[in-house]
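Look for chain A in each of the two complexes below; its partner is chain B in the first and chain C in the second.
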Partner chain A sequence: MSIDTIQEYVPIILKGFWITVRLFLWSLIFSTVAGFILALMRISSVAILRWISGLIGWLFRGIPLLLILFYAFFALPEISRSLMFDPFWAAVVGLSIWTAAYQSEAIRSGIIAVEKGQFEASEALGMTKRHYMRRIVIPQSIRITVPPFIGNAINTMKQTSLAAVITVPEMTLLARQIISEDFKVAEPLLALAFIYLVLTTLLLMVQLGLERIFRLKV
Partner chain B sequence: MGSWDWSIIQRCWPLMRDAAWVSINLFAWSLVLATGLGFVLALMRMSPIRYLRWLSALYVLIFRGLPALVILFFAYFWVGRSLNLSPFQSGVVGLSVAAGAYKAEIIRAGLLAVGRGQYEASEALGLSRAHLMRRIIIPQAVRVMIPNYMSNATLLLKSTSLASVIGITELTGRARQLANSTYKPIEILTAAGVIYLALTTVLTVSQEILERRFRLKT
Partner chain C sequence: MASLVSVKGLKMSFGDLEILKGIDLEVRRGEVLSIIGPSGSGKTTILRCLNLLERPTGGQIDIDGQNLCNEDSDGQMEYATKRNLREIRKGIGLVFQQFNLFPHMTALENIVEAPMAVNNVDRSTAVEAARDLLESVGLAKWADHYPLQMSGGQQQRVAIARALAMEPAVMLFDEVTSAVDPELVGEILLVMRHLAEQGMTMLVVTHEMNFAADVSDRVLFMDNGVVVEEGPATQVLGAPQNARTRGFLRAVRDRAPMDEEQQ
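Here is the complex of A and B:
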């Protein structure tokens, strides 16, 4: 094993870097929207909406992501032809719905952390419910939501590696191919680990930065 | 979409049940080893010796920054092959090493939650350090740890699905094989999902029971 060979493998594995990043970003966008909707359903006054959201959360937090990806890739096309995705989009669908189940909890905990008294105060001031959500609740809840939200996002970034199993040519799959073609093990894996560590460290720094921005100014 | 085929689940049930046992075995071994590892890392992190603290912090930083799948590849292709481990053993090594980093943080948080005053008080009473840990700190720390420890255990149970990627026929791997060979992915993958949901629900329920048992009696 030599440092040189590790360096040699970094650019080869980095060919999958953009696929990893695109998997991550699409899943982040979809899961944030879906997580927000699930969180609103969870605190809605309509029982059936609360119930559906709770059920979805329980389902997708109780099943391994890998099984969800298999479902998206192998089972959805059997349900309907229109649900036949290429591996990349199947992975995005699986990652998004899985992440959404966790993000909804992060978002919900932020919303319910805003004191009830503020709702009464806004009512007394004649605010509409939407106005109250947009101007009072969301600005305050973002501060509480940021740490678990980014924590979930970092997890999703790491879990994009599972897309390799349904043949998405992201970084982990490329490293896996080097292992079987070059009969080298340590070097490609160390190169891969190095890239992931850089990525997770960058995201941790984003988290620290955001926490500083949203900190209460007193 | 064809009609739902119960008979296929019935026929595949014995194979799936055996595979579920492999998952449970993987989970149990990894949980025990990860807890031991996490405990050692937590003690190192709180040690007066600087190098031990650094080593433990570095370990946690690295293994929390890497995808579990990549850690499993290390365990299987590198450690497993050089030490001649079976896939099952490599799987346990990989899962324990990955989960140990999270357990370390959870255990450390629990140990830190016990007030400093109690350390000083027991010193004043002339308790030895081992006695202090066993009789004063750990019983109180356990109560604080339970919620995080158990939800992390649920994550570990779901991570055992990754072992299918290194050739262990646990539940997810078996489900994938059967889905391919029977051409009935919906039924098979759903059945596997139901088994996982049952297992994770058992863990959630036992978390509640443990929390109740360890609650402060006031």
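Here is the complex of A and C:
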């Protein structure tokens, strides 16, 4: 094993870099929107909404992501031809639903951590629930939500590697191709690990930035 | 003169625990009523019932001619609808023991939020009114500070200004000096004294006996969920008729423990 070979493999694997990044970003966007809706449903006063949200969370946190990806790619088209996605979008669907189940918990925990007095002060001033959720509660919940939210995002970033098994040509798939062509294992895997580390480190820096932005002014 | 606040037979229970056992009270327009009593006597619960932050389990409440809740002939409670309740709450200013300012907003933003959102006041009018209010509570220079940058006394004065910005008909004060350092109590009481002098109708739950004596028109002493004694401030605080009132006042003034049987 040599540093030179590792350096040689990095640019080859980087050809899958943008696919990994796009997989991650689309999944992050969809899962954030869906997670937010699921979180609001979970704290709704309407029982059926709470129930549906709880069921979705229980289901997609309770089964392996690999299974969800298989299902999105191989099984959905059997249900309806309109649900046939190319591998990339099938992976986005699976990753998004799986991540949303976790993000909804991160977002919900932020909302319920806002002090009861904030709700009471808002109601005593005659504000509608819609207004004080938007202006008072959710802005304060973001500060609490950021760390678990980024934690989930980092997980999703790493789990994009599972898309390789449904033939998405992202970085892990390219690394596996190198292994089967060059019969070298350590170098391509180290190169791959290095790139993932760079990406997850960037996310940790985003977390520090967000924590600074939403810090309460003391 | 008609009552601004009218409470009849107010009852409140949490599960099996009966907090209020049938409270009657009336507050006339421009009157200051102080509610005193040992902790756990139900003082705070009365205030919270007055804008339905707690839902009473019995009795009737009317404020400024609007009905918050009443009990029908079968003992079933009827509460104001959500929409009516928001309408009624506009006219009731509530100041909390813990301030409950919005920590992500400056003092000024705290004050203008509700007038703009609830009363559709335009921003420049709301800001102008808020600056006047901040000046009246002695915080003109603190408009752009965040709550956590202020002392407890300052925060509570902002909270009073925030409630006043809705131009309420009655102000409710829930032990508003209990969470601040002793040397900062005076600045809050001064603001409340000015308010009383300007004719504001006030219900004040307090442990500040001197304030109750100086500022209130009437004082109500309660214990164990019932009103024990009620009357002009000079009478209830100066020459209390009831043994429990006397015991409580002695305990507060001398910082002596209350007699077991009086607790």
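The rule is simple: the second predicted complex is superposed on the first by the 218 of 218 C-alpha atoms of A that agree within 3 Å, B and C clash if a C-alpha of one lies under 4 Å from a C-alpha of the other, contacts with A are read in each partner's own complex, and residues count from 1 in each chain.
Heads up, the rule we're going with is that a residue touches a chain if its C-beta (ideal position, glycine included) is under 8 Å from a C-beta of that chain, and two chains touch if they have at least 3 such contacts.
Computed from a predicted structure; not experimentally measured.
Number of chain A residues touched is higher for B, counting chain B against chain C. Of the two partner chains, neither chain B nor chain C is touched by A:152. In the superposition on chain A, A:200 makes contact with chain B only, not with chain C. Judged by the touch definition given at the top, the superposed model places A:125 against chain C, while chain B stays out of reach.
Of the two partner chains placed around the shared chain by superposition, neither chain B nor chain C is touched by A:104.
No residue of chain A touches both chain B in one complex and chain C in the other. Chain A meets chain B in the complex at residues 58-59, 61-67, 70-71, 74-75, 78-80, 158-162, 164-165, 172, 175-176, 179, 185-186, 189, 192-193, 196-197, 200-201. Within the complex formed with chain A, the chain B residues making contact are 1-2, 62, 64-70, 73-74, 77-78, 81, 158-162, 164-165, 172, 175-176, 179-180, 185-186, 189-190, 192-193, 196-197, 200-201. Interface of chain C with chain A (complex): residues 51, 53, 86-87, 89-90, 92, 94, 96, 98, 100-104, 113-114, 117-118, 146, 148-149, 162-163, 166. Partner chain C is touched in their complex by these residues of chain A: 115, 117-118, 120-121, 123-128, 131, 135-136, 139-140, 216-218.
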